Amino acid sequence: MAAIELVDLKKNYGTVPAVKGIDLSVSDGEMIVLVGPSGCGKSTLLRMIAGLESVTSGHLRIAGKDVGSVEPADRDIAMVFQNYALYPHMSVRQNLEYGLKNRGFPRQDIARRVAEAAAILEIEPYLERRPRQLSGGQRQRVAMGRAIVRNPAAFLFDEPLSNLDAKLRVQMRVEIRKLQKRLGTTSIYVTHDQLEAMTLADRLVVMNGGRIEQIGTPIEVYERPQTLFVAGFIGSPPMNLIDVGQADNVDWGELPPQTGVVGVRPNAVRTTPTKGAIRFTGVVELIEPIGGESHVHLMLDRGQALIASVPGKAGIAEGDRVNWHVDRADLHCFDKSTGRRTD
Amino acid sequence: MAAIELVDLKKNYGTVPAVKGIDLSVSDGEMIVLVGPSGCGKSTLLRMIAGLESVTSGHLRIAGKDVGSVEPADRDIAMVFQNYALYPHMSVRQNLEYGLKNRGFPRQDIARRVAEAAAILEIEPYLERRPRQLSGGQRQRVAMGRAIVRNPAAFLFDEPLSNLDAKLRVQMRVEIRKLQKRLGTTSIYVTHDQLEAMTLADRLVVMNGGRIEQIGTPIEVYERPQTLFVAGFIGSPPMNLIDVGQADNVDWGELPPQTGVVGVRPNAVRTTPTKGAIRFTGVVELIEPIGGESHVHLMLDRGQALIASVPGKAGIAEGDRVNWHVDRADLHCFDKSTGRRTD
Amino acid sequence: QERVKVEWWHALSGRLGEVVDKLVTDFNGSQDQYEVVAVHKGNYEENMAAMVAAYRVGQQPTIIQAAERGFMTMLNSGAVVPVPTLMEEQGHDVDWNDFIAPVSGFFLVDGVPAALPFNSSTPIFWYNRDMFKKAGFDAPGETWQEVEKQLYAIKEQGVSECSMALANDFFWSLIENYAALHDQPYGTLANGFDGLGTEFVFNKSPLVVGQLERLSKWMDDDVLQIAGQGLSPEQLFTSGTCATYVASTAAHAGIGSGAQFDWSATFLPHEEGVEPKNSTIGGGALWVLQGKSDEEYAGAAAFIDFVASPETQVWWSKQTGYVPVTTTAYEALKAEGYFEENPTREIAILQLSRGEPTENSRGFRFGNHNQSMQLLVEEIQGVWTGQKTAQEALDNAARRGNEILRQYERLHASQ
Amino acid sequence: MPRSNATAGIGGADTRPPLAIGIALSRLLPKTSEAGLKTAHFSKPGLAAALLAPQLLILLFFFFIPSYKALSLAFVQVDPFGAREIFVGFANFAQLLGSPDYRQSVFFTLWFTVIQAVVTIALALLFAFATDFVIRGRGLYKSVILMPYAIAPVISGVLWAFLFNPAVGPLAQFIQSLGIPWDPNRRPFDAQLLVIVASVWKHICYDYIFLVAALLAVPQSLLEAAKLDGARPVRRFFTISLPLVTPTIFFLMVMNVVYGLFETFGIIDAVTRGGPAGATNTLVYKVYQDGFVQLNLGSSAAQSVILMIIAILFTVLQFRALERRVNYQV
Amino acid sequence: MIERNLGLTIFCHAVLLLGAAAVCLPLYFAFVAGSLTLQEVQQTPFPWVPGTHFLDNIATAWNQGNFSRLYINSLIVTVGIVVGKLMISLIAAFAITYFRFPFRMTAFWLIFVSLMLPVEVRIIPTYEAVADAAGPLRWFADITGISWLVGSVTGYQLEAALQWNMVNTYSGLILPLIASASATFLFRQFFLTVPEELCEAARLDGAGPVKFFLDILLPLSRANIAALSIILFIYGWNQYLWPLLFTTDAEMQTAILGLKHLVPVSDAEPAWNIAMSAAFFVMLPPAVIILLMQRWFTKGLVDSGK
């Protein structure tokens, strides 16, 4: 267990920058989740921390020690890969033992640790199987097991759940969170799944184009996105972003029309007006009932689309022309040119 | 466009049954979604309809004609594969043309249909590219294009979106739905994504172990699951299923304790008591704030777990011991041994 | 004690190979100091090639059997220990004058042989007496003209599909020996005996050209048959498929043990109205190579002494059909009455000794003769495939052969 | 796409194919110094050198030094026993190029190589297609058709010479009984045909096994998609399977050419010995005959140089003509 | 799958049967020839029905050709070629794909170029190299003056010490045949398809290059090694020209040479029956290998992706 510190960390592939200067302090035992669109440099950053990628410039400290040029094996870090990277020719037990054997742990110690990890992850029945004889979820557990068995200073996860089906993903997500809390190991977790990001993170780091857009707890990031990018990226269905200048048939109430962008979360859009609320008028294009709630897709007159998430079955039909209301407090205002939050 | 009818359709691989007798009528223009756990026979069923798998017994009619031994090429059916199965050595245009050419369509007709399909799917700019030069979402569209260009009697989709990332998945889901409505083509869609199943289906077919558990509109299935299996399978987070006999610290109010299982959707669990409501007492194990709502994981005293989905941030902390209330009307009751709904 | 191994690479296979093995076994059994190891390295050319490759890296055998065709190449190679020198040094006494004339005529250089003539031969005319009788002939005619008639008769009467099988070394029997027998110059400077400046002139002999034309005609008429790969021509004769066969007297070994009919042999035919000369010597000689140890040389000398002894010669000649190379051996066989009993065994030696040898019949001493022979065969095949006339082919062969002779001359000019 | 790489690679294992492979692979190579380096790699030059050393040393002693010696003889005339050597410049080359026989050999080698390569791959494709299509007996067919691979060229050559010997060969007799004249000893065309048939026979199993493997690796879903797109088996084969196995086909074409150029040596030696009248004298057989059997080392070395140039040219040409049409992506 | 195309099925079986027949016909005749007596094998037309002497002929051939010894030689040489080539190729390919070092590409091209000149074409110099493997070292010692130095300082005759003759040894039969890069390229191709993450995972698990190679890469290449072993086995077993030139000691010859000696040449008894029966047991090992390992063969060629 150790703190991790990144200071102006950069990585170029040839002349192409992949990571453009990252500053981040991860405190001991913390769970950091990195999110961001494909290609924004999440994996690269993670791999630099693991030592699998060389650092172009900047500093990288683990437990206070600069590890910029330390071999991956000596960084005391474990990583869980997206495709698990289990050794296909070894049994589950051998997969777990491998890292310990290489580090010269005594036999008994190895046996004890493997037994412990297997118990924690409930993979004892499969210990003698080969990875290909396991289901996706089981493989995932083995990959986790390989990481925890060494009791490393930090865990790195690169989209560890993205190969699982939705149901299993939810289940494993909860398990990872419980496990991490229980072991208290510093962790950095890369994903582009919203739900994973929101539920796992102590702090969320939103990346874009090789830089950090925002750092904060999931709720902070969700409730006060600092940039247009973060606003559009976090939340599902995504936040509606309305160009004030383009939206004619909106009754802004007291809000002075300004050249800016206004964001509204779908679940902040209501059918019933409240005092001082803003009103949108549009046609219902599609209603998606998804059990407890429904997503209603609206089209405003000037062609801007809006999604509203309403509880239960929406009492309206496709093709209806309806008014929607949003509390002024639920608005997020952004500067159109800088993309930064203005309120 | 045609109706599809399955009568006691069975499929064995060797002696192992994969599909154990399916009766299903799909009416003309309807969108059926098949859901079910991995290995329950969804793909097998779909492939039998396509003619890619032989039928072991039972009948299979398309537009009233028994097609049990008709070649796939002659069934007038289009299929969208999970991995798209685009021909890598052909340009997008050639991919679209291929099925038409094989069927001897006149040149002009081919050109017109391809142009139309490309316009509908907005893939005109990529017509001359090879599949590998496209992003995942674009490939998905081409795969759709290949299906619609022939204007077939039916579409079959086998988890067409599962290779896309979450964001794209939402977007393509909406497009598929719009397209299917617009073309009015009979469709069968396999998925194990909840959201897809709920939002796309005219009727939902829940399969388990080679059989159909329930058929109904998504809302019907969500609101009145007919079996324990369906209850646990549909809905996310899944319905809490509480064994009445095992749950001591529950105040059942008027409900007579009986040997059965009671189901409660997470969003039916409230913090505020209502009249005649049932009360659960337990410890908060984990709180997952996910933006607009939070998932609270409770542990009841006898070790049964319960998930509550509450709007906003739950005003409670992990470790708290709290009471939860559920309206009697929100309960689903099942027979423990048959697994069937009793109310 | 450990016997000294003496390696001997030879080119004899089949029945002849078995006789060689027996010879070696006998030698090895006759004393306990040396052990000759006989290795068959393929035919004469392959044997020679293998030896050269080995010699270049110091892995040569002590003794190598080389055909008459390789005589010049071996002689000028600088790689041999002349056998008389060896024998003298090792204290063996060999009477070099005992060799019969045709043998010494070819092998002696400045009065001594560079190698031990071991298995000397000459081509003779083999025939199936049953078939000749059937066709109404007692024996083959003496001239090519008569023979031609007989061969056509055999074919036309349906006695045999194939009147003559073409030997693989037909260039030796039917071209080179033909030239010698008819006193036609094959090359200038006495067929190379008088210097490296020799040039091929066989293409200028109307007789040689005519001979090739005749063979070609026979072939077109299916009188003469090529065995081709996968089949031995001798086999065509011994199996009774072909009525005649022109080949080495050494074929006695194979035909004697293989033919199931009344076979015989006679002298090579000659042109009408020509007094035939002697044929030339063929077969192999044993050469001793440089760069071996004294013990090995001692062993080699002992073996050569053994081979040259009259007893071995007599035995060897009987077993194989090769001519007895020494007068002593020849006389011994005569005395035994062997030739009365086996008249075909004497044909070779009589044919070799016939008349007074001329410049054109002493034999052939061309450098790298294997190469020019290969060209000749290739060109002659061009006649048989109908791509060339006999004259064209021989002209080409002479021209290409002369390039090889000039190259050889250049490399050995200093000698 | 792993398959094409893998199949493209394995042929190298065979005897001479290396040339082909090497070049085939060079496609994936250099340009930058990072080519063919794993993203995850080690930087331990000492260890790398130690790992490479055995191969490089063996190559140095048994390839580079001998090859240098072999090729350097091209500019001399030499006594085979090694006593004398005269530098002659390009005379050996001049003599070769001026010789009609040599030109004939070049000409025959080229068309023999091309025809052999094309026929082999075409037949192998036919067999592979059929194997892919049938369900019953597939394994048996595969084993049987692979058998010639086990036979030494020396033996198969002898077999063919024997079977087609006009005097005794059963197959020759069969042909003749059909009224077709047959005599590879005297009819150059028959000899050439025989050599081609024998080399195709010997090599077809090699192409076949690669193609069967490649066809197996064509993604099932593509074939199913094509099926739904209304393509029948034959059409599916030509429009889907065939284009997808082009990397293998291309690789095999290169391999076949190399086989034709170098490997048919044993067959020719046994079946025709280059005859009649040099009709089947391929370049490599000539190098062997002139250099090793006839000991004309200078000329033979010059021929080696020319042969090497031809081999390289041939391969490069193939790359130019074919490689851009190859799909390496599935 | 629903596809009943009777016509095509019949066509395919016909093609395969024809192909199998064409492939087997020469082998069948070899078998027939091998089962006849010397007299029978000489008859024309050649019989289509086998005789009864197959086993006799086998026995004769086996004894006549000293095959008990030659078989052992062939096995040693073949296994030597297979193992030797696999080993040097595996590590060389590993170095080239998994290491960054100066002159990596140069090393690569040096290996690559060795594919350009077949052994037939350089056979005499190769022979020289094997007969005098230390020759280049002597030459080097000579021109650099090392031998003079050693000689004058220690009185030791370096020249004399640097002698290494491999003629008539197993290593001499094996080494030149491993001196080609084909297998190296093959493995390079395979290694390039091994998922990157496995190496990364192993590094995080504390494995250095050697451990990674032994523990992960080798086991993963199993199928490929198997496929290549078959090819190399057949290659090694069927070698002809090199052993022919190279072995002077009858005790060092290989089975193929023994067989070649049994093949009748001119002026010899046409014992085709003996030669052809011998052909059967000489081709037996490669044939058995093919039959037994055919599955690996296809596997090794196809699934390299792991």
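Here the chain labels run A, B, C, D and E in written order, and each chain numbers its own residues starting at 1.
Heads up, the rule we're going with is that a residue touches a chain if its C-beta (ideal position, glycine included) is under 8 Å from a C-beta of that chain, and two chains touch if they have at least 3 such contacts.
Values in this document were obtained by computation on a predicted structure and should not be read as measured data.
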Highest-count interface - the chain pair sharing the most C-beta contacts: D-E
Chain whose mean Cα position lies farthest from chain B: C
Centre-to-centre distance between chain B and chain A (centres being mean Cα positions), rounded to whole Å: 25
Where chain B and chain C are represented by their mean Cα positions, the distance between them in whole Å: 92
Chain C-chain D separation of Cα centroids, rounded to whole Å: 40
Chain A-chain D separation of Cα centroids, rounded to whole Å: 55
Multi-partner residues of chain A (each touching 2 or more other chains): 52
Junction residues of chain D, two or more chains touched: 40, 158, 160, 162-163, 167-169, 224, 227, 232, 292
Multi-chain contact sites of chain C, meaning residues that touch two or more partners: 53, 56, 227, 231, 241
Contact footprint of chain E on chain A as seen in their complex: 47, 50-52, 71-73, 77-79, 81, 83, 85-90, 98-99, 102-103, 146
Chain D residues within the chain E interface of the complex: 2-3, 5-10, 12-19, 21-22, 25-26, 28-30, 33, 35-45, 47-49, 51-52, 54-56, 58-67, 69-70, 123, 126-127, 129-131, 133-134, 137, 139, 141-156, 158-160, 162-163, 167-171, 173, 201, 204-205, 209-210, 212-214, 216-217, 224, 227, 232-234, 262, 265-266, 284, 287-288, 291-292, 297, 304, 307-308, 311-312
Residues on chain D engaged by chain C in the complex (per definition of touch): 77-84, 86, 95, 101, 158, 160-169, 184-188, 270-273, 275-279, 289, 292-296
Chain E to chain C touching residues, read off their complex: 42, 44, 123-124, 127-128, 131-132, 165, 167, 244-245, 248-250, 261, 264-270
Residues of chain A defined as touching chain B within the complex: 38, 135, 165-167, 170, 174, 177-178, 192-195, 198-199, 218-219, 222, 234-238, 265, 267, 286, 288-292, 295, 297, 309, 313
